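Accompanying notes for the structure given below.
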Amino acid sequence: MSRKGFAVLALVVALLPLALTNNYTYEVAIVVGLNAIVCVGLNLLIGYAGQISLGHAGFFGLGAYGSAILAARYGWPPFAALASAVAGVSFIAWVIGKPVLRLKGHYLAMATLGLGIIVAVVLATEDQITGGPDGMAVPPLGVASFVLQGEKLWYWIVGAVLLATVWLALNIIDSPHGRAWRALHGSEVAAGAIGIDPARHKLTAFVLSAASAALAGALTAHYSGFITPAKASFLHSIELVTMVVFGGMASTFGAVVGAAILTTLPQLLTALKEYEMVTLGAVMMLTMIFMPQGLVPTLEKALAAARRKPE
Amino acid sequence: MLEVRGLESRYGRIPALKGIDLAVSAGELVALVGANGAGKSTLLRALSGVQPASGSIVFENHDISAAPAEQRVSLGIVQVPEGRQVFAPLTVEDNLRLGAYRRGRDRTGASLDRVYGMFPVLAERRRHAAGTLSGGQQQMLAIGRALMGQPRLLLLDEPSMGLAPRLVAEIFACVRALRAADTALLLVEQNARAALAIADRGYVLETGRIVLAGSGAELLADESVRSAYLGL
Amino acid sequence: MFFRTLLAMGTLALASLVQAQEPIRIGAFLSVTGPAAFLGDPEQKTLELYVEKINAAGGVLGRKLQLYSYDSAGDAEKARAYVKRLIEQDKVDVLVGGSTTGETMAAVPLVEAAQVPFISLAGAVVIIEPVKKWVFKTPHTDRMACEKIFDDMRARGATKVALISGAGGFDRSMRAECLKVASAHGVQIVADESYGAGDTDMTAQLTKIKNTPGVQAVLNCGFGQGPAIVTKNYRQLGIQAPFYQSHGVASKQYVKLSGDAAEGVRLPAAALLIAETLPASDKQKKVVVDYKREYESRFKSEVSTFGGHAYDGLMLAVDAIKRAGGTDRAKMRDALESTKGYMGTAGVVNMSAKDHMGLDLSAFRMLEVKKGDWALVQ
Amino acid sequence: MLLRAENLSKRFGGVAAVQAVELAVESGTVHSIIGPNGAGKTTLLNLLCGIYEPDAGKIVFGEEDVTGYPPHEFASAGIGRTFQNLQIFFNMSVLENVMAGGWLHEACGLAAALLRPPGLARAERRARTEAGELLTFVGLERWAGSPSDGLPYGALKRLEIARALAARPKLLLLDEPAAGLNPTETREIDQLIRRIAERGITVVLVEHNMKLVMEVSQRVLVLDHGRKLAEGEPAAVSQDPQVIEAYLGVEAC
Amino acid sequence: MSAELVQFLLAGITLGAIYALVALGFAIIYNASHVINFAQGEFVMIGGMAATAFVDSGLPLPLAAAAAVAAATLVGLALEKLAVEPARNASVVTLIIITIGASILLRGLASLVWDKKIHSLPAFTGDKPIAIGGATLLPQTLWVLGATVVAVAALWWFFNRTLTGKAILAVSHNHLAARLMGISVRRVLMVSFGLSAALGALAGILIAPISFTSWDIGVMLGLKGFAAAILGGLGSGPGAIAGGLALGLIEALGAGYLSSAYKDVFAFVIILGALVFLPNGLAGRRAAERV
């Protein structure tokens, strides 16, 4: 399933440009890709390890601003800035994950939400460094005089990073680590009984998901050349979780599909003008009420059932 | 009074009851015995309407197969659940009053007096939180709470569980007293000998099926029952 | 509303077919929802209203206007995507919008690269400083507001000033500008407090200001309900120093929300707020009174200076198109840059290669709340 | 002695669930714990695998004092268990459940897990084979590829045992493995326990089915109200009048 | 005690009272259903917006307030019936997304039914500040505190003195036993949603004269209410009140003595610290895990 799925995804990434008519459609595709990178990572935490985070936009923001500030204010080469930002955010996630992941359920939701808000407030308040709520300009990625610019080039960069992220995610899910996560999700007490240390494995899932958010954040900042604290806000965190749950928890392709649909949906709903919010809210509610497992797992099940019948 | 036909129930994909036929007549004490996991508690829960089940349940000429739990309580099917399940932070008296939730307020007072008369220790501790009671007192409270609902059929799930022998005797004495007062009883017990000894009739459950039925005395004498419980 | 727009767009499309003349495409991205909705909402309404009016009057250069408008909800990312959509897919001739500075700044690199004339409706001075070839703006800058206020304070003998500001982009940006220009205008900032989005009580911050020795005047940089709460708390605590608000609350709504507490509050704003009471000799009177009447009769709600920014933006574009004789982007841009003596709701606009806003301090009027209404400070 | 528990006590609120219990399990035996419902058997088992921390007393496994260890360290010391109310990982296939059980022996670095180098791929194939063998051992080979929520109850019980065995425990705690099973299935569990013991794995068995207990155990501990009531060989224990009374209950007068 | 401190405390208690009302709404719904209702803040918004709309349409204030509470209650009941009940068996995260979807929907509806402007309600009894120990407060603040006290007392009476109230407690403590007593869990759910919607609306009406109301005020208040409920220990009524007051005081004192820009950070740092050291909140009880 996962190998075939990966091939299909690679094919979609390779062939999509045929349907992309202009820079705007490229832009939407790139944003879908960047969101999908976060969601694939976040899905490791929520879908596989069974731990909620309502503050992942904080890591996204830290990655974006970390890389932006190192490159713009301290003159670091952008690639070095990006790598350091991702490493730095992973380290931060590791440090705060230790105490925070001892919490469960809604308490964990509150703690991660609080962390996200703290990051967002700091980013908006320290305007000497971050440019405040109006955001800051970010230098483009590049080495020496060679600069990565233009939607078409970025499409391939983001596509490649997305495929790499999905490939790594599929690998780890199908490894002892991935099984340990799923075991924790299935039954924490039984996982303990076979020697799985809950704290350690929750932490690895947390750090990996934070790293993917930071990477997507840094890429977003360098790609768009501009970043605002809105990307670190509570609402963005919610958006990310919604994409994962909507597409289907514990399904890597679900995370990608969720990101794709919920990123393009508002673009399609623009014609509805003031009815946009009502429609978005209603779509979210109805999907979750009638497909609590999320889109992809529900469709997979339906497909499997349909395939079984004719035999 | 109660007639059950082809009752089936499952937890997810795991079947717990596989076609139970059972009857209880008015004023009768019927014991249900069987090993852990045989489906005894599931059966009682299905009768109370808190566990989804298919099949037919007729109670005093009402078909209640699809009735919600609260309607069955109104009709007089009340259960004393396994493990007491008292509302720990609420007072003893609040627990009892909640037992009369489906009854008119006016009759609550009389029922309270009756329960306090039956279990004086509950009257003494009426203002205490139910969670502070000892195991035996909690069992009395659980029974008293069920009696507040003025049951026509009382379902008792493992009333002796975890109690000291002296208390077990007390609880059984009380069960016998209830039966005398024209209330039908369905008693689930692991303490098979004690249960069968006071029962009019009994059923033996094994993995979701009834494998034996008969009078209490017959079952008590049955070798297969003895071996199942003693490994003799 | 949606259906009306659809209908309008439909008839427009039909009309353009008949005319066989390409319509002039106006692109807009505004914060119609989100925290800056009170900016984007009147802006959106104003654009719809005037595009309709202009078309009813035969369009511009015989061509109809067609409005493409998206709700960027105060989100810079969204603004970016919509600007791309407007440029790449809708192929607009000119861009109006960016209700907030964040949205505007996210759009700047795109319009510079695509070379589309862009008139921003946001306030911060960074939009036009340094000058960007294709970027213009209509509202007064936050720096001008600071300057106007500080000058007024000094005229009243107050040189020690306390700042209190909100957490939004406008608030933070104006606060930064005020800190920068304070000493040049002879005032000293002795306290600097702030409050968060959605805060419901600012007495703690104001108590700190009250207890700061020597405060002679207080300025609140902010918009939305925050400043109205600050005003109420200010009176509640009985602070006597003169109180100033920014042009961010330049609407009747602020006075209504604050009630009696607003009496005596001063703020710099465009003449639009006092349209009817302007002396008949005032050259701006006709423009602002007309706009006010049009807007209020159509939408049954009170006019704000924000809608006025959109009006100015659209009219500046139309004016430039007329002078450029068409929608050639470079010519439009040059025409915009050479705008002289345009009379808008914000004041007289005189653009130049060095000044892509074209307003000076005289365009700002210092207003004071008197008996529940705005009055010009003489 | 493989496992020694000294003076173990555990209270919940006001209730003493386990009081001053002493237990010594000899290597290579099947040691059963019986007693009426609510006697504290499961609590004792939870103490022996670290899910509960005792209020008093200590637990020594082999030479190691494991008192106060978290559950996963009990597991890595060599104590495995199954659960009375099933704790299957329903989000995994049957085979993956067993493979997850092998975590202690397949743990790999995070980088390797992400990049899946040939070494890990080989280890995974090996783990897959071993898990398959364990499924065969418990008689579930034909279910290997199925999602675990499709299995019948009896099979799930055996799946828990296979998963616990995958951790290669020295001591296996079985919590009512026959509860809810029909006589045929119970006989199969009986066989399975014997075969586990033959592998040299020490078993502590909590069970209600007396027939099963009597057949497979070398020693039996009887608990009543959290206290040790009797201990000894099965035949002796089953004749103990105290045990009969506690277990069957007095015939209420 | 310095006048400054008195002023901070007054500000903190006022804020805290509102947070407490919102937090109580969270606690009541959580108790009955174990759902965290992220649309709780929208009840506050509906209360405020409906009250101003009714006042604008000419209704006297008390009547408008009552009608607004009734309107919010209806919305609460509809939310339970249409969104929460059909998803009873969904996972925690799914339910979170459903209630977040509901909050977006309600916000969107509010902006359509009313508008996107900021509205105010007249103060119940004037705007003349009252001086206390060198500090001042508005009469409306007394209304907030008074109404909160009355609401808390009424809730206490409801949960401790009425059979329906006790039935709700019974459901929250032991779902199964409550059903066996014939308590209809569905009815309890309806009552809880209605009750917490009414509480939220009450909060919205009380603060509308002080801090105004608009279609989007629910987000921030909902968030703070959730934080207060968690700080107090989920599902605990006294905890929710304590959590609300604590959060209000932390914010006011933080803004007054430390940094007003960082007062929210300060508040959340304290909440995080409290969670790490008291993982079940101020009044939380640790449920014994049965395996």
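All chains are identified by letter, namely A, B, C, D and E, in their written order; residue positions are counted from 1 within each chain.
As a working rule, contacts are C-beta pairs under 8 Å (C-beta built on N, C-alpha and C of every residue); 3 or more make two chains touch, one makes a residue touch a chain.
The structure presented is a predicted model; accordingly, all values stated were derived computationally and were not measured.
**Student:** What is the shortest path, in steps, from subunit C to subunit D when you may only step between chains that touch?
**Tutor:** 2
**Student:** Could you compare the number of C-beta pairs in contact for C-E with that for B-E and name the larger?
**Tutor:** C-E
**Student:** From subunit D, which chain is the farthest off, judged by mean CA positions?
**Tutor:** Here the answer is chain C, farthest from subunit D.
**Student:** Could you work out how far the Cα centre of subunit A sits from that of subunit E, in whole Å?
**Tutor:** The mean C-alpha positions of subunit A and subunit E differ by 31 Å.
**Student:** Go ahead and note the Å separation of the Cα centroids belonging to subunit A and subunit B.
**Tutor:** For subunit A versus subunit B, the centre distance works out to 53 Å.
**Student:** At what distance in angstrom does the C-alpha mean of subunit C lie from that of subunit B?
**Tutor:** Chain centroid spacing, subunit B to subunit C, equals 74 Å.
**Student:** Roughly how far is subunit A from subunit D, going centre to centre by Cα mean, in whole Å?
**Tutor:** 40
**Student:** Return the residues of subunit E touching two or more other chains; collapse runs of consecutive numbers into ranges.
**Tutor:** Subunit E, residues with two or more chain partners: 111, 219, 261, 264, 291.
**Student:** For subunit A, give me the residues that contact two or more of the other chains.
**Tutor:** 121, 125, 189, 274-277, in rising order.
**Student:** Among all residues of subunit B, which ones touch two or more of the remaining chains?
**Tutor:** Correct list: empty.
**Student:** Mind pulling up the subunit E residues that touch subunit C in the complex?
**Tutor:** Interface residues on subunit E, with respect to subunit C: 4, 7-8, 10-12, 14-15, 18, 111, 115-118, 120, 127, 129, 135-138, 207, 210-212, 214, 216-217, 219-221, 251-253, 255-256, 260-261, 263-264.
**Student:** Can you list the subunit B residues touching subunit E in their complex?
**Tutor:** Counting only subunit B, the residues touching subunit E are 48-50, 68-70, 72-74, 78-79, 81, 85-90, 94, 97-99, 101-102, 105, 145, 149.
**Student:** Within their complex, state which residues of subunit C touch subunit A.
**Tutor:** Those in contact with subunit A are residues 1-2, 5, 32-33, 70-71, 74-78, 80-82, 84-85, 87-89, 100-102, 105-106, 109, 124, 126, 167-169, 171-173, 176, 194, 196.
**Student:** For a test of understanding, state which residues of subunit E touch subunit A in their complex under the given definition.
**Tutor:** Touching subunit A from subunit E are residues 30, 36, 83, 86-87, 89-94, 96-98, 100-109, 111-112, 219, 223, 226-227, 230, 234, 261-262, 264-265, 268-269, 271-272, 275-276, 279-281, 289, 291.
**Student:** For subunit C, which residues count as touching subunit E in their complex?
**Tutor:** Its residues touching subunit E are 33-35, 37-38, 41, 167, 193-201, 203-205, 207-208, 211, 224-225, 228-229, 232, 235-238, 253, 256-257, 259-261, 301.
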